[in-house]
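Below you'll find a set of structures to go through.
In what follows, subunit A forms one complex with subunit B and a second complex with subunit C.
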Partner chain A sequence: MSAFYAWVGGLAQNGLLPSDFQYPFLVRGFLCVLVLAPILGGLSHLVVTRRMAFFSAALGQAALTGVAIGLLLGEPLNAPYGGMFGFCLITTLGMVYVKRHSTLPPDTLIGVFHALTLGLGLCLLVLLTRQFNVHQVESVLFGSLLTVTDGDLLLLLAVGIVVAVLLVRQYNKLLLDSLSPPLASVAGAESAFLEYFFAILLTLSIVVSLKVIGALLVEALVLVPAASARNIARGTRQYFVWSVIVAFMAGVGGLGVSTRLLVPTGGAVVLAASAIFFLTLAIGRLARRRGSRAEQPDAG
Partner chain B sequence: MTADAAASPGIRQVEIAALSPRAELRAVIRAAVVLLVAVGLYLAAQARAARDEGSAAGRNLLPYQTLIQGHTVVEQQMFRMLQVALLEAQNLRSVSGSWPAVAALAELGIEPFVPDPTNRGAQYAWRMMRNGPTVNYLGLPDRAAAPAWLMILQEPDPTMPAEPYQNDEEHARLLDGTVLHVSIWRHAGGAQVTTAPVRLPQAEGWTQVFAIGPSMSH
Partner chain C sequence: MTTPAPPLIEFVGVSLRRNRELLLADVTFSIQPQTIHVIVGPNGAGKTTLLAALLGQAAFAGRIVAHWRGTGNIGFVPQAFSVDASLPVTVEDFLALTRQRLPVCFGVRPATRQRIATLLREVGLAGLETRPLSVLSGGELRRVLLAHALDPRPELLILDEPGAGLDERGVGRLEQVLADVKAAGTTVVMVSHDLDQVRRLADCVTVLDRSVIGQGAATETLALDHVRALLPSGVSRTGGAGSPERPPMARARSAGRSGH
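Showing the complex of A and B:
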C-alpha cells in the first residue's frame, strides 16, 4: 500500500489530484468512502422501509461497548475487532429475538437495549481510562480518519463484498418482506430468517464503518441517505440508486470539510448528508408542485 | 377463503407455519455460542501473536505514531538530541519565564540547534514559532529526501483546572509545577513542510515519534 500512496502523492504533487491527496490518511479516507457509500447507502433504504432507524442507533452504542470490552480483554487499541464484532452481533441476535417475541412495542424494547449498552459502555470506559489514553478512544465516538489503518480498509472492503453479495442474493425477498411480510411468506420467504439476516448485515456494516463515522453518528449515515432519496425517487430502483449517491456525496463532502476545518469526520459527513436531505426536500416539493400545476389545466 | 375458491384451479393453498419460539431460541443461542467461540479463538490467536512480537508498546500505536527503534541510526540520533533539547528548553523556560529562541539554544551548544560541520547528512535550519499556548521548534532539512523534525510544547490553558502530571513521553513538568504536553514529530517529506505553525500535525503528514510508546491514561 505504501507504493500506492506514494504514487497517489506523486499525482497530487503534479497537480493531477487535489493537493490533500499527498497524505496517505486522506487517500485511505477517500477509499473508505468509496466502499462505505454503496454499503450504507444500499442498506439505508431498507433500514427506512423496515423502520429500523432506532435499531441502528442502538447498534452504534453497542459498538462503543464492544470496543471497551475488546480493549479490556487485551486487544490492541487500534484494532479491537473481536470485542466489537462479537458484542455487536450477540446484541443484535438478542434484540431481534426479544423484539419478535415480546408484546412491548419495538421502539420500547430497542430503547431498553440502547440504555443497557450505553450504561455498560460508560462503566467500562471508566475502567478503560485507567489503562488507556482516553483521547485515543474518543475517535471511536466521533470518527477520525487519522486512526484508520490499511488493515481497517481491507476489512471494510472484505465486509463490503460479503454484504453486497448476500444483499443481492436476498434483495427481492427482503424488499417484499419489508413491504408485506404475509405476502413474502406466501412467496416462500422466511420472515424470521430475513429479519435476523438483515439485522446481521446491518451490524457488520455499522461496525466496519465506526472508525470513519463514529459510534454516535453512524446511525445518521444509515438513515439520512434513504430519507433524502425518498424525497426525489419515483420507484424502488431510483430509491436505491439515490441512497447510494447521497451517501457518496455526503462522504466525500464531509471528508473535504473535515480535512479543511479539522473537525471530526463523522460530524462533517452527517452535516453534509443533512444538507443534502434538505436540498432534496426542497427539490421534491418543487417537482410535486410543478406536477400538480401541469395537471390543473386538464382538470379545468 | 371459501371451499369453492380453494378447489378451483389457479389458486394455490400455502401453509405458513411460524417458527416455534423455542426452536428460534435454540437457534439464536447456538449462533451466540458459535460467535463466542470464534471471538475466543481470535483473541487467543491475537494474544499469541503479541507474545511472539515481544513488545506491547507497538500494538497501541495509532497510524500516525511510530517507535524510533524502527528508524535509521541517523534519525535515532536526531530523536535523542531532541529529547535532550526538550529538557534544556524546559529548564530555560523555568528560569527565564519564556521559551528560549533557537539562537539562544545554539549559543549554549545545545544540539541539534548547533550546526555540525562534520555531519555529512542533512543540515537543519531551526526556527521557533508560537501559536497561543503552543510552541513549535521546527527543523527543515537542506535536502529534499531528508525528513523534517518538530518539537511541540503546549502550555496549559489558564482557565482550566491544573492537569495531574504523568511520568511519560507526552508530559513534562516545569520547576514551578506547570504541566506541559510535549511531543516530537517527524515528516518524511522535509521539502514539503511549510514554515507556518503546525495546528494538527497528524493531519498535516507528521508522524509522532516515541521511544517506548504512547502515554497511558490522561
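Showing the complex of A and C:
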C-alpha cells in the first residue's frame, strides 16, 4: 500500500490531485469514503423505508459497549472488532427476536435495548479508565482518520463487497416486505428471515464504519443520506442514487473540514450530511411549489 | 357414474385464537374450483383472519387443504395497504419488485416495463406508471394491488374487500376483471360487505360469524332469517374498517397445511 500512497502523493505534488493527497492518512480516508458511501448510502434508504432509524441509533450505542468489552477482554486499542462485532450481533439478534415476539410497539422495545446498552457501556467505560486513558477511546466514539489503518480499510472493503452482494440478491424482497409484509409473504419472501438478514447486514456495516465515523455518529450516516434523497427523489432508482451521492458528498466534505479545522471526522461528516439535508429540503420544497404552480390553470 | 371433482380448498375444523380470544371456531367448508366464492359476515366475524390462515400468515388448529390443478399460484389483494407520504416508490417500481430479478433501485428492465403497462391497462390505470404510490387515491391503489395480484395468472385469487374505496366505474371494472379471470380458470375467494355486489358476482357465499352459519347460493343464503338478522341490510361499499393483519409468520404457498 505504501507504494500506492507514494504514487498518489507524487500526483498531488505535481498538481494533478489536490495537495491534501500528499498525506497517506488522507488518501486512506478518501478510500474509506469511496467504500462507505455506497454501503451506508445504499443501506440508508432501506433503513428509512423499513423504519429502522432508532434501531441504528441503538446499534451505535451497542458498539460503544462492545468496544469497552473488547478492550477489557484484552483486544488491541486500535482494533477491538471482536468485542464490537460480538456485542452488536447479540444486541441485534436480541432486538429483532423480542420485537417479533412481543406485542409492545417496536420503538418502545428498541428504547429498552438502547437504555440497557448505554447503561452497560457507561459502567464498563468507568472500569476501562482504570486501564486506559479514556481519551484513547475517543476515536471510537467520534471517529478519527488518524487511527484508520490499512487493515481497517481492507476489512471495510471486504465487508462492503459481502454486504453489497447479499443486498443485491434480496433487495426486491426487502423493499416489498417493507411496503407490505403480507404481499411479500405471498410472493414467497420469509418476513422473519428478511428482518434478521437486514439487521445483520446493517450491524456489519455499522461496525466496520466506526473507525471513520465514530460510534455516536454512525447512526446519522445511515439516516441522513436517505432523508436527504427523499426530499428530491422521484422513484426508487433516484432514491438509491441520491442516497449514495449524499453519503459520498458528506464523506468527502467532512474529510476536508476535519483536516482543515482539526475536528473529529465523524462530527464533520455528519455536519456536512446535515447541511446537504437542509439544502435538499429547500430544493424539494421549491420544486413542489413550481410543480403545483404549473398544474394550476391560468387565472388571468 | 362419475365422482365429483374435489374442491380446490377445504377448511376442516379450523380454529384460531389470538391473545386467548377465539377468533375462529371449528370452521369447516370448501371452495369449488373456477368459482367466485364470497365470505360475508359482520365486523369482527373473522373474515380477514380466515384469509390470513389460508395464506399461511396466522397459526391455526385444524386443516386447510389445497387440491391444486395447475400452477398453485396465489394472487392476493390485502384489506390494508398504507404508504408513507414521502416514499418515492412509483407504481412501476412497486409492480417491478416481483417481476424482475434486477434490484429495482438499479432501474426497471424494458421487458418488465412493457408487462407492467399491459397490466395497468387491464385494470384501467394506463399511464400511471411514474406516479408515486403515495399520491394515488384509495381506489387507484386498490386497482394497482389488483394488477399486482393478476400477474402471473393465479390459480387462486384472494381479495379482502376489493371494492372498498372504488367508485361506481371502478366497481364495474373490478367485477368485469373478476368475471374474466374466473372464465380463464381462476378460483376467486373474496371478502365483501357489499351485499348487492355479492348477489351479482358470487357463485357461492359463506356466512361467517367466527364459525360458519350458512353456505350456498348467494340469493338463497342471504335471504335466510338468521343471516338477515346478522348482516346489515344496506350496502357498505366503503367497509374495510379495522386494523391490518399482523405480519405473516409463514409462507403462503403450499399444497396443504395444518396448524395447531
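By definition in this document, the second predicted complex is superposed on the first by the 297 of 300 C-alpha atoms of A that agree within 3 Å, B and C clash if a C-alpha of one lies under 4 Å from a C-alpha of the other, contacts with A are read in each partner's own complex, and residues count from 1 in each chain.
The definition used in the following text is that a residue touches a chain if its C-beta (ideal position, glycine included) is under 8 Å from a C-beta of that chain, and two chains touch if they have at least 3 such contacts.
Remember, it's a predicted structure, so these values are computed and weren't measured experimentally.
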Contacts of A:Val168 with subunit B and subunit C, given as first, second, both or neither: second
Partner chain in contact with A:Gly82 - subunit B first, subunit C second, else both or neither: first
First (subunit B), second (subunit C), both or neither touched by A:Ala3: neither
Contacts of A:Gly74 with subunit B and subunit C, given as first, second, both or neither: first
A:Tyr97 touches, of subunit B and subunit C: first, second, both or neither? first
Partner chain in contact with A:Thr236 - subunit B first, subunit C second, else both or neither: second
First, second, both or neither for A:Val186, with subunit B first and subunit C second: both
Interface residues of subunit A shared between complexes with subunit B and subunit C: 182, 185-186, 190, 192
Subunit C-touching residues of subunit A, taken from the complex the two chains share: 42, 45, 49, 103, 167-168, 171-173, 175-176, 179-188, 190-192, 229-230, 233-241
Complex contact set, residues of subunit C against subunit A: 19, 52, 55-57, 74-76, 78, 81, 83-84, 86-90, 92-94, 96-98, 100-101, 103-107, 130, 132-133, 145, 148, 244-245, 247-253
Of subunit B, residues touching subunit A in the complex: 14, 16, 18-19, 21, 24-25, 28, 31-32, 35-36, 38-39, 42-43, 46-47, 50, 59-64, 189, 192, 199-200, 202-205, 214-218
Contacting residues of subunit A [partner subunit B, same complex]: 22-23, 25, 73-78, 81-83, 85-86, 89-90, 93-94, 97, 100-101, 129-136, 146-149, 182, 185-186, 190, 192, 196, 259, 262
